[in-house]
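For clarity, chains are labelled A, B, C, D and E in written order, and residue numbers in each chain start from 1.
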Amino acid sequence: MIADIFFMGVALLTLLGALLAVSLKNVFYNALSLILSLFGVACLFIFLNSEFLAIIEIILYIGAIAIAIIFAIMLSSPMIQKKEEKPDVKKIARSFILAALFFWGLLQTLRRTVWPAANPEGDYSLGAIGKSLLSNQILPFETVSLVLLVAIIGALMLAEKKGTAR
Amino acid sequence: MSPFPILSAILLCPVAGLILVLLTPRKFETAIKFLSLLAASGTLVLSIILCKIFNTADPGFQFVEHLEWIKSYGIHYSNAVDGLNVSLILLTAIVIFCGILVSWRVTYRVKDFFANMLFLVSGVFGVFMTTNLFFFFLFYEIAVIPMYLLIVIWGSTNKQYAAMKLTLYLLLGSALMFAGFLYMYSLPEARTFDLLTLKQNVHFSPPIQNILFLGLFLGFGVLAACFPFHVWSPDGHVAAPTAASMLHAGVLMKLGAYGILRVAVTLLPEGARHWAGLIAVLSLCNIVYGALVATQQKDLKYIIGYSSVSHMGIVLLGIATMTTVGFNGALFQMFAHGIMTALFFACVGFIYDGCHTRMADELGGLSKQAPMISTFFILAGLCGLGLPGMGSFVAELLVTIAAVGTYPMIGITSITALLITAFYVLTAVQKAFYGPVNPHHADFKDLDWLQFVPRAVLVGCLIFFGIFPSVFLNWVSLSTKILLGG
Amino acid sequence: MSQSLQSYLVISSALFAIGVFGLLGRRNLVAVLISLELILNSASLNFLAFNKFSLPDKSLGQVFVIFIIALAAAEVCVALSLILLLYRKKDSINVEDAKELRG
Amino acid sequence: MNLFLFLPETVLLAAIVILLCLTLAKKDYGTPVLGFFLPALGAILVLASFSSLPHSGNLFSNAYRVDPLAQGFKCLIALSFFFTAILNQNRLSIPFDREIEYGIFLLSATLGMMMMTGAVDLLALYVSMELSSYSLYLLASLRQDRRSPEAGVKYLIFGAAASGVFLWGASLVTGLSGTTSLLEISGKVPVLIWQPAFSLGLVFASFAFLFKLSGFPLHFWAPDVYESAPTPVTNFIATASKATAVAILIRFFMLTGIPGVFIAALGALAFVSMTLGNTVALVQQDVKRLLAYSSIAQAGYILTGLLAGSFAGYSSSFFYAFAYVLMNTGAFLVTSVVAKTANHDNPRLSDFDGLAERSPFLALLLLLSLLSLAGIPPLVGFTGKWILFSAAMDKGHWFLVLWGVLNSVVSLFYYLTLVKHAYLEKPVVSAPIAVSGGTRWLGLFLIIGLIALGLFPNAFITFAQQAILKGAAL
Amino acid sequence: MDLALLWTIQLSGLAAFLLIQLLPRSAKKIAPAIGIALSFLAAAASAKLLLDHANGFGLPVQFSHPWLAVSDRAVWPNIPVERYALFVGFLLDPLNLTMITLVTSISFFVQLFSFYYMNEDRSRARYFGFLSFFSFSMTGLVLSNNLLQTFLFWELVGLTSYLLIGFWYEKESAATAARKAFVVNRLADLGFYLGIILVLILFGSLNFTDLKSQALAQVLPPATLTLVGVLVFLGVMGKSAQFPFHVWLPDAMEGPTPVSALIHSATMVAAGVFLLHRAFDLFSASATTLLVILSVGCLTALTGAALATIQRDMKRILAYSTVSQLGLMTMAVGAGSSTAGFFHLSTHAYFKSLLFLTSGVFIHRFHTNDIWEIGQKGGKNDRLAIGFLAFGLLSLSGLPPLAGFFSKDLILEAIKEKNLFFYSGALFVSFLTAYYSFRMFLVIARGRIRREERPHAESRALKISRNVPLLCLATLSLVAAFLGMPSFHFNFEMLLTTAAILVSGGGLAILRFRDPEAAEQKLLAGKTFMQKILERKFFIDDAYEFLVKKVGLAIAHALNRFDRTVINGLMVNETSFSVMRLGRLAALLQNGALQDYLAWAMTGGVLILFAFLHFYRGTP
């Protein structure tokens, strides 16, 4: 029961954070709200028996991604100084309607689906994850390293100021 | 399979010519011309041989050639002739032979020109001889694109517009064909594009016949310049260079009518009967409307262009009668009109080259300066107005007989075109060839012998088949009987 | 509202929808990027929810999410540098200022 | 493990490593890498792909499948890479000092695509898709002008959103089927298909692939990216990426089937793709943009074949993808030469003026490629379209077929407009265009390929059919 | 069998034509010799045939060869297939033996005369070629054994007529007249053509030997018979210049005069009447048809004669006179006596061609067609010509015992038996004929000579070629009456009537034109209402012009506009423009704004989602 209330709180926190992250005018606040939301997600991960993932979420997402975003915002200081102009009502209405419709559609789909009986028993351990990564999922595991490599080279290349056309 | 694949040989002549021309360096223009002429003569000789050895007593396909091509799709390279196409192969050979000779004076991008001509004519031959719908379509489109290039590069008078219109229009028509062919193939009992197999194995139910026939008719009708899809044709004729106009009006337009007979009527006889009335009405529009509009034209090529619309109406009317006489007449008209318009364009092209105008009003008195070319033009005009002794008289007679027998009112109304045609042909003749000599064109020179030959050949054909029509009818009549299930 | 599969799915749908809203509605490219992160998170949440409630192999969902997070990091990395580059060229990170390629 | 099963990928990995090492060197090896290394590697890659063609098997705990379908598409991607490597000779807007990076991204993108064709696991598929995507995002923003990052950002955000949708779909599919392996999912489809969430998952996942295929409504990035990217990159995106999309859609549809409602939806999307692509292309002046819209239209044609969902539909889509690579490369090859001659990497229609006089060979290549794109016989595009549409017709999609053919007529208008510029208009500069050896040989190869495959497609069609048959067998 | 002779007659013209065409340019001057020689050959051959016939050679002779099969059971299931073959062949019977003699002989004389007349023309070769081709076509027409072949040559003579009227094509008027002749004939021929087709479809045979009244009546209902008869008669009306198709004939005088003599008076225009006689059963099978023929003939005769009275142009007078005479012949046929009509045809042919050739002599010498001018330039000084003119005109006005008298007499008798109303019309025509004949003669012969032109010195050959034909034609027109007279019974009443009419008509002319100068002055001073109407040719040409220009060409113009604006503009161009516009519109989607793109994509996704939900609505 308490877990449920706590769960509801976390869920609300997540969604609130998400809402703030997309609706606050200041990008900096957006980033901070994102952290809030991600934190909520991490908590939810714990509810889902995936503590490792929760940690990764916090370290990687909050610790790296969100911070990178904040850094980016800070680095380019004019980016925050330049305030968004007046909110474009049409655009917001459009996105709201589309998002709402989409949400409603998803809910309907979920409602009409017969879900399998819950089966939470199993091996959630880090060991199992590691084993899986190095056996079944070796191909994605190797590939993702390449992706990261490409991303890093790319990011470096783009950030570098050189580059002259032939 | 006959020991010597004469049909493929006819087809391969221009193809071989094309390859040789492409391989010849650009600067050897005369060599290119002679190569093309050689290829054209080759097909002509082979076509004449084909007509000679064609067995008029056999109503079915002869000289059948068959080669697996894309087996899993029921696509074979198969050629054959019967009464429907033997004459058209001959027609194509004659027109390309004359076309090459007429183009002897081309000087701009000679190599490309002759390559395009040969490519075009390969497509036309292919359409006429194949019995597989895939190849029918393939060759058909092969014939369209060189026409675009011929018009756009060597053409005149609004050529870009006309070329684009012609190409898009023809391909629009072919789109309907394409869908129709694929639909036939998709039927479970069909699974082949082979015409004969389709005819034997597949019975299309009446509603399907009706819809399919309409689609195919519209597709082919565009090519046959059926009213109201005719406007591409006069514009195209006008813009095209001489030889292209000859091929275009002489042969290309016949592809449509041939397709109606070969594919639509053969496979969908019930559909044909269902829509025959509509076709008759449209063809009447073609005949009378085309002729009336022709009276208003100033440009000689436009006059001929609209007269082609009118004359193709006679072909369609013949088909619409759904009688052997009508079919015979339609086929005859296809042949006669092919030769006749080729002659027309050969003459107008020559005049345009010399006088740099085709406006009837701006010419005048050409008979005095250039009696030969005017004689040829007048002969073509006389054929156009259905003078007895010329091929198209017999054709029109047969069609009119059939039409008066089946659709009396339409048949009778269609006869008025003879009057209108006489009017505009003679008016054009009077303006361009009679009257005082126009000093602007004082240095216009008459035909030399090289230019005389192709036109004389065409006139010879017109008169020969006008006097001995049974030579032609012997070719076709058994096959047209079969077409009607006789 | 209890901890059932459905409630997780509803939460993640909501997260997805909020992400879509931001993706379509925000003009600041960084905010757009933030919205994209929300969408990816909603997918992660989905995976883990299924992981708990229905997947036989409890490591599968977790592994998948690890990859999602890793790739999200890569994505943010590339995206941020692109946004910075854009900022450098155009002096703006407003989506609506990036409208030169059109028509 | 049979080396041949992973040969092309190994070659690529090795090449990436070599290039990585080169980046560390002080000296700039850009020019030799692009001028010699990549074409040579392309040739090796093509050879490797073709030599591994007959092999089949499953790798990496059944996450990676090597079968004629995958191998065939790998050959296609290898060819496309090879073509792009040769096109590099005419590169114009790739910065001097980023040529090695360019090479790396090209290689990693190729690797990602190849892996996509073989991946039969949602996770592997996702990761390899991202590998190719990120590489392409970076390739697309290589250019150093004002607009380049804009294209990159658009491409990336669009792509990331598509991945989000894919992931959502994948999560639903995985959740309900309990596995990420497509092969296993395939067995469960008949039962699960009645679960809305499962079908929705499939729909979401395949919908996201439309992004790669640049089909409506996920095509919007294409014109902007095609325009802004350096021409060789555009060619690579237009050919390899699209071929991969076809491969993955074939794989996906073949293994999971297409939910009935999605067939109708795909039909509508194909309809709009064709119409939109062709009509908008009519009003384009920038040739690369024009080709982008043309590729959107082509996506519509391919979708028409795919949504037939039949053996014939898949095999003809395979054939058409091959044809598409050939003819599009032809068009881009000429575009790249023209761009180089005009010294401006966004050649406009008027830059093609008088091409026939300046280089009859290129004009011919352009003519044939464009006509093939328009589906004019006897070129390969025609044959491809014929069997593609005949497959759709078999399933009763007569309206789409008719519309498709009508659309190709419309498309002929802008193709012919380009042809007209090449053949009719007078050039501003009439100096002959120098065509480098590689370009010439590639052009010749393409011309022969376009005609030969158009006229004698039997062998290839048979191969495609075999590939589909074997690919469908679990 | 004398088919060889027939072939000779038939082909000599064609041979001459081809030979002349093949002559090298340097040898073109022998063209007249070829033409004359071969036409002589034809004339001789037909004379031989005539002699043979007189010696008991059995007629008719038929030769027939299938030409073209048009059988189709699908259309005409009830009629035996073999009947639907179209044939080519000869049918020689006494009727066309006469005609062929007439044609070949006149053709020969005219060719001979042309040598004189066209001596100075540089296109002589072309002229003789066409003339020979005309002989070929005309003999073909006459010898033909079926309607279709008749039609075939019918058109060919029309063609040669066109070519010869427009022989001096540099003259605008000649070219226009030629076109007018062809088109008007075409208009009439449409009926003929249709008639033939109807006969073929409904009756099954076109051979003259099959077209018998009884056979026709068995197969065809009376209304159809009338229709077919009238349709075929339409063709006759065109060729034989019957009202209202007569308008082309006076204009046809733009051609060289010998051509007018041969084609436009003696032979071709008579082909219609010949056909009426030839296929008389086709017309006589229906009384209505005959009545139509009679009325048309009467109207034609009256119109022609009335218009002839005011013409100044010598050839035009003769042309209208021809129209009027053709009307009389047609009347005869309409009255049921095709023999009388045909008889008049043969006599008329000789004296009218004589008249034309005579006028040719005048024109050649005085370079004018105007009778007053001829008179003033000394027309009466050419004694020989004046003599022939008088002879011809008297024959025309029916002075006994000249040829015209007998034939006209027969016609009048036939009409009188049939219908008194038309009889009075015919009498009035005779009156007018006498009037304009005398008028013409008087104006030429009594003109006060103002500026006399001396004749050129002419070579002997030229003189022969001028005088021999005239003489021979004059002789023949006398002889022909006696030779060809079908049956003559002396009718005193008729003689009296004719004489009275001749006297009154001639008298009136003498009264008014004894002094041509004064008459001209009077004419110039003021025109009566009647004269004005006559000068406007009863407004028939105006009506035609109105129909062609204000109706026909206006429709064509409207259709042309329709073609350009509606079909080409709206249907074709606008369609493509619309596609273009659609493209421009759709290009607006690609507005560069990333989020609009995303929104569209999302909209697509949402739509698919909803379609999806709709599809799965059944499941819980």
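Criterion: a residue touches a chain if its C-beta (ideal position, glycine included) is under 8 Å from a C-beta of that chain, and two chains touch if they have at least 3 such contacts.
These numbers were taken from a predicted model, which means no experiment stands behind them.
Path length between chain A and chain E in the chain contact graph, taken as the least number of steps between touching chains: 1. Touch-path distance (fewest steps) from chain B to chain C is 2.
Across every pairing of chains, the maximum count of C-beta contacts belongs to A-C.
A centroid comparison over C-alpha atoms places E as the chain most distant from chain D. Ranked by how far their CA centres sit from the centre of chain B, the chains are topped by A. Averaging Cα coordinates per chain places chain B and chain D 42 Å apart. Per-chain CA centroids place chain A at a distance of 69 Å from chain B. If you average the Cα atoms of chain A and of chain D, the two centres end up 31 Å apart.
Centres computed as Cα averages put chain B at a distance of 35 Å from chain E.
The multi-chain contact residues of chain D, meaning those touching 2 or more other chains, are 123, 126-127, 130, 134, 137-138, 141, 149, 153-154, 157, 161, 176, 196, 200, 223-224, 283, 410, 413.
Counting partners per residue, chain B has 168 as the residues that reach two or more other chains. Chain contacts: chain A has residues 91, 94-95, 98, 102, 106, 109-110, 112, 114, 116, 137, 140, 144, 147, 150-151, 154, 158 touching two or more partner chains.
Annotation, chain-chain contacts: A-C, A-D, A-E, B-D, B-E, C-D, C-E, D-E (touch as defined at the top).
For chain C in complex with chain D, the residues that touch the partner chain are 16, 19, 23, 29, 32-33, 36, 39-40, 42-43, 46-47, 49-50, 53-57, 60-61, 63-64, 67-68, 71, 74-75, 78-79, 82-83, 85-86, 88-90, 98, 100-103.
If you check the complex, the residues on chain B that touch chain E are 165, 168-169, 228, 230-232, 235, 289, 292-293, 295-297, 321-325, 328, 365, 367-368, 382, 385, 387-389, 393-394, 397-398, 400-402, 404-406, 411-412, 415-416, 418-420, 422-423, 426-427, 429-430, 433-437, 469-470, 473, 477, 484, 486.
On the chain E side of its complex with chain A, the touching residues are 595, 599, 602-603, 605-606, 609-610, 612-613, 616, 619-620.
Interface of chain A with chain D (complex): residues 109-110, 112-114, 116, 135-140, 143-144, 146-147, 150-151, 153-154, 157-158, 162-166. Across the complex, chain A meets chain E through its residues 91, 94-95, 98, 101-102, 105-106, 108-109, 112, 114.
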